[in-house]
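Here is the structure we will look at.
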Amino acid sequence: MPGNSFGQLFRVTTAGESHGPGNVCIIDGVPPGLELSEADLTPDLARRRPGQSKITTQRDEPDHPQILSGVFEGKTTGTSIAILIENQDQRSRDYGDIQHKYRPGHADYTFDAKYGRRDYRGGGRSSARETTVRVAAGAIAKKLLAQAHGIQIVGFVTQVGDITANIPNPEQITLAQVESNIVRCPDPVAATKMIELIEKMRSERDSIGGIAQIVTTNVPPGLGEPVFDKLKADLGKAMFSLPAVLGVEYGNGFGCATLRGTENNDLFATDSNGNVITTTNRHGGMLGGISSGQPITLRCAVKPTSSLPQDQQTVTTEGEPTTIATKGRHDPCLLPRFIPMAEAMMAIVLADHMLRQRAQRGTF
Amino acid sequence: MPGNSFGQLFRVTTAGESHGPGNVCIIDGVPPGLELSEADLTPDLARRRPGQSKITTQRDEPDHPQILSGVFEGKTTGTSIAILIENQDQRSRDYGDIQHKYRPGHADYTFDAKYGRRDYRGGGRSSARETTVRVAAGAIAKKLLAQAHGIQIVGFVTQVGDITANIPNPEQITLAQVESNIVRCPDPVAATKMIELIEKMRSERDSIGGIAQIVTTNVPPGLGEPVFDKLKADLGKAMFSLPAVLGVEYGNGFGCATLRGTENNDLFATDSNGNVITTTNRHGGMLGGISSGQPITLRCAVKPTSSLPQDQQTVTTEGEPTTIATKGRHDPCLLPRFIPMAEAMMAIVLADHMLRQRAQRGTF
Amino acid sequence: MPGNSFGQLFRVTTAGESHGPGNVCIIDGVPPGLELSEADLTPDLARRRPGQSKITTQRDEPDHPQILSGVFEGKTTGTSIAILIENQDQRSRDYGDIQHKYRPGHADYTFDAKYGRRDYRGGGRSSARETTVRVAAGAIAKKLLAQAHGIQIVGFVTQVGDITANIPNPEQITLAQVESNIVRCPDPVAATKMIELIEKMRSERDSIGGIAQIVTTNVPPGLGEPVFDKLKADLGKAMFSLPAVLGVEYGNGFGCATLRGTENNDLFATDSNGNVITTTNRHGGMLGGISSGQPITLRCAVKPTSSLPQDQQTVTTEGEPTTIATKGRHDPCLLPRFIPMAEAMMAIVLADHMLRQRAQRGTF
Amino acid sequence: MPGNSFGQLFRVTTAGESHGPGNVCIIDGVPPGLELSEADLTPDLARRRPGQSKITTQRDEPDHPQILSGVFEGKTTGTSIAILIENQDQRSRDYGDIQHKYRPGHADYTFDAKYGRRDYRGGGRSSARETTVRVAAGAIAKKLLAQAHGIQIVGFVTQVGDITANIPNPEQITLAQVESNIVRCPDPVAATKMIELIEKMRSERDSIGGIAQIVTTNVPPGLGEPVFDKLKADLGKAMFSLPAVLGVEYGNGFGCATLRGTENNDLFATDSNGNVITTTNRHGGMLGGISSGQPITLRCAVKPTSSLPQDQQTVTTEGEPTTIATKGRHDPCLLPRFIPMAEAMMAIVLADHMLRQRAQRGTF
């Protein structure tokens, strides 16, 4: 099927552009009886919202979600849930630059190559604005996961530029720690430096990359399919489907390249309840692509914002050399707003695999 | 749908276990009229075959593919192609250890948690033997890509343990260079050291991880879907669906975290034919998840083999502490045989997106 | 995936209930560059609209479609198209009867059995109001089919109760003939009798069944897949997915049971252009599930409206015997409004298979 | 995805041709722990087998199924099950007629139009031989359904030509009654006449059509999805995916056209256990596309065999007028062997929806 749907049983289908009337998603497969209202969706939308702090873009969008179907008398009905988030701050403006020139690092050229045309207003369908409805769908998935298994998903920033956070116990970070500062880094010392660096980038009309980590706890063992739909495969797809992600790794990730088997293997033991555990978690919570019961840990490399308010070399749509500079609002660092997006995709994948496992095993 | 199928239009469905009668795949969606015989499949199968060199497992499998359908008078008919690769070297043996104990780093425990039971003979469905038919399917995809666009896929080993290859022009590496040594590293100096290290690992009853790089050239711009089925998302899923992969990155990958936008953006220009190009390729050949026309470059981190011929701490299926050691044949380093597997998945993804693009645009 | 999506490449996903805010669909896979505006959708929506004539329900809905995405500067962009049709005539009313009693012939009981709860307002998700957005999606498919091949889809009523139309040349019926009367039967004599019968049913607080025929001309040979996704299979699914359809047949349909092979086979010949044709069309335009180039003809049996404004025996949701009578607005015969729904589903299936054929063969 | 797969969670993918090495299917999604051996598959394969009686084709195929994967120690493992049925009776013969001429009623022409080429040996992929593996997959589905709910599927022939069976209680027919004669009609008087008619057809080098009915009992209420994947829609697709089916109807089917709502509605009541039932079953066991708990009843119209051992008018692949006569073996009536095929498809659809319901509701 075409590329605007995700998931097999917990299935999200989206539509919408940056400067059209709004973004829509239809979420299919949600079990009936889940308490749900728009208030469940707003906290994560607020975390994703532009204009939330001095280090994000200043585009001002309330991002109010309207549930159009699938919820009745405060609970899901089991039928498809449509959510609409209207665009408000569609400034009347001159898009001539984007219309006629290819922005470096953006999808302007590749959309033209693919479709022969594009909605050039603010990036159209290639804008990260499409992630609003992903975050809304993810909030439903999170609620489902929390109720079924107490699954908790916490994402945070571990690196911005050369500033690396010191996080001794990543599996114990709480949402409150993450939200204690605007850069969403649970190491307060590093957070302060990151904020300074991001502000420096803005003042220098530049941007900066970074790394985000997502940790999910209380995942029961047994989620994920062998072969193609390994949990690590579906999570990998989910993360790479987010804008600006250039790398994904689990557990000790690229660090495994220099390790021996005896150094890398996590040994099995039993905990005090007799459950099988591993004594370390270098594997990142999945073995053979199936959850092991240990926390799922992944890291995403996020590139520096491509939009820059300074001249960059490029070509026009006719192939003539020119320069382009982004006018106005942009995020000098994508990481703070990336966190809720990545959490949402994590939640959608896990909810999907939870339903898949229930289909085959009849449990949960 | 369940997890044994991959791709939307070029669709591969597999079955088979390590020590059952054999592995099967059904490939659906292949255009009619493609010349195809079993001889097209054997070169890559030989590159994946166990027992191919002194640094791989010594299990001896001819891996002869039988095409059971979909080819008539030497050409594809357009209907589904079934391929059977029988298992030959199914040694009669005592599987008691694997049956009753969980091997560290393997899927024994997670399969039990998922299904309540498992085929414990040699790992059953979780064995990398299932990749035989992926490689066969990939060979068909490669042929299709070469004929349609001259697309070439070349994978090679860039790191084993601490030994890093020096590859100044990764986009120009040829298959002949890769196949010039048994570790599949195009830097001959590094290759020698890698082979020595792998032999050392074997002698020390240990294993070692590494990094593989896959480069694909001549990809036309426009492949990949916006939003969820970005080309980088589907490639990421494909790579993470392979056993032992803990990390995937494109272009400059995790290195983007420390870069500024002005350092990371690839600038647009035109080549002598008037085609839009980027003057550098830090983006790895995809922008907005759609191919840019530049070579697609990705790297996979592959963990050290989990099977070790020395005692490791673990528990029995009843949760009792014990130790386990792999008896006999194993790969001390997965990288040399990983290359054809990763190339195959790259080919399958690109063939799929080529057909998807043709569906919507009517070209190619 | 869950049941609110249809089609592989031309893919329609829907949401919405009878008395919620509205109905939404997302259409994925539409080729870029198709001229499209809301005006393209309104004619078929008007044909489906309640309150269009004296023989339909008097619920008054303007059914104005809002295109929320995927169209820019008057043409499709190739990205997903969202359409919203708000519900206007949501009378504030007492739903106590439907809430606590199972209406005969309706899905009240089966929804409760399936989901454990339901949106009882006007049938909720089981209401035929969900077909509004199918008709909108079908209008896009029709436009695509007409532009690509001149494909024309014309549906009409051939039977209401015992009144059977005399239609000597069903393959030549035009939209104008169909729309020349409110019952959509191109035999004016029969149409008059049908209208009288339907008015009689309304006055007697009853309803009546009937048969619709859909004819599609200019379908090129080669659409449809062998085995499971035969064109007749996908069309059959499409028609049976519409409310109230109890039978579907192609060509001479159930009449084939009494025929010999020599009577039933259509013989091949060539037309004046050298094209292969059949001299008769008992096969209904598909052989082996693949279009033959002859007109596709199918008939649907549509049951009499289940909602009746007279007391019928039933039980409460607690299982107590009771009676229920529909209050107010209903269609005494579903057939006139069924025509645009069936045409829409025919169009969606053909557009999907047209894109699928183009993916594999690279033509069209 | 391409057209050789069926089902969402209980998913069957097939390959194979009439005169190639054999037919293969991969069945994905089967729950683990189901006892399964090849002996479970052979009874239905024997009912489908050519050469089973004097009124079927005399092609002699043992149709022995080989389970290649997914079963271990006598039980399913939960991973994909591959089944291979080799072709034995591939007579060396002259296919010149089929190669160069289009058989009336067959897919020779449409395959050429679709693919530009075809495997002409015995019809290749368009041959009903592909249904062998469907029957094998259906046998697994039947076993699953019987164990989960005691669901029983019984198909039988109700009409051959003008001979109509008298079956007062179709919902109580047993497999033993069906198998008591070679035409699979539980009315022994009609069965004798049907056999005579079929033998007459053979002697006159002709063929005859008929009608089959499939009844499924003990289906729990709640299976099927609203909107597109209604149970009647998926069953309709399943039946129309079988060769030669020109019509499908449920409950009173086309007979509903002449009925009033008061005559057609089935009234709700409760049985002695307090379960909600309908007092009649004109609806065929589904309301709103969801199972009602009443027996599911459907009828298929099956056309007379297109292959005839007498000259029929046709054209060559070059468009020249000619005649063609089938040489040798054919079924003068498809109905007796159609029964196990239709039962298999019924079983596959129900198993799929049973798993889908379990995914969303966590029961069964």
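We call the chains A, B, C and D, going by the order they appear; numbering starts again at 1 in every chain.
Convention: a contact is a pair of C-beta atoms (placed from the backbone, for glycine too) under 8 Å apart; a residue touches a chain by one contact, two chains touch by 3 or more.
Note that this is a predicted model, so its numbers are computed, not measured.
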| message | With centres defined by CA atoms only, which chain is the most remote from subunit A? | response | D
| task | Indicate whether more than half of the residue numbers at the subunit B-subunit C interface occur in both copies; give same if so and different if not. | result | same
| message | As a quick test, compute the distance in whole Å between the mean CA positions of subunit A and subunit B. | response | 26
| query | Taking each chain's centre as the mean position of its Cα atoms, how many Å separate subunit B from subunit C? | reply | 46
| field | Inter-chain centre distance, subunit B versus subunit D - centres from mean C-alpha coordinates, in Å | value | 39
| field | Sequence positions of subunit D contacting 2 or more other chains | value | 1-5, 8-9, 14, 29, 32, 78-80, 114-116, 125, 226-227, 356, 360-361
| task | Using the touch rule from the top, collect the residues of subunit B that touch subunit D in their complex. | result | 1-5, 7-9, 11, 13-17, 20-24, 26, 28-29, 32-33, 66, 68-70, 72, 75, 77-82, 84, 114-119, 121, 124-125
| remark: So, in the complex, the side of subunit D touching subunit C is made of residues 1-6, 8, 14, 102, 104-107, 109-111, 113-116, 125-126, 130, 159-162, 201, 206-211, 220-230, 232-241, 243, 245-270, 274, 276, 278-279, 283-284, 286-293, 301-308, 310, 312-315, 319, 321, 356-357, 360-361
| said: Residue numbers of subunit D touching subunit A in their complex, please. | reply: 8-9, 29, 31-32, 78-80, 226-227, 355-356, 358-364
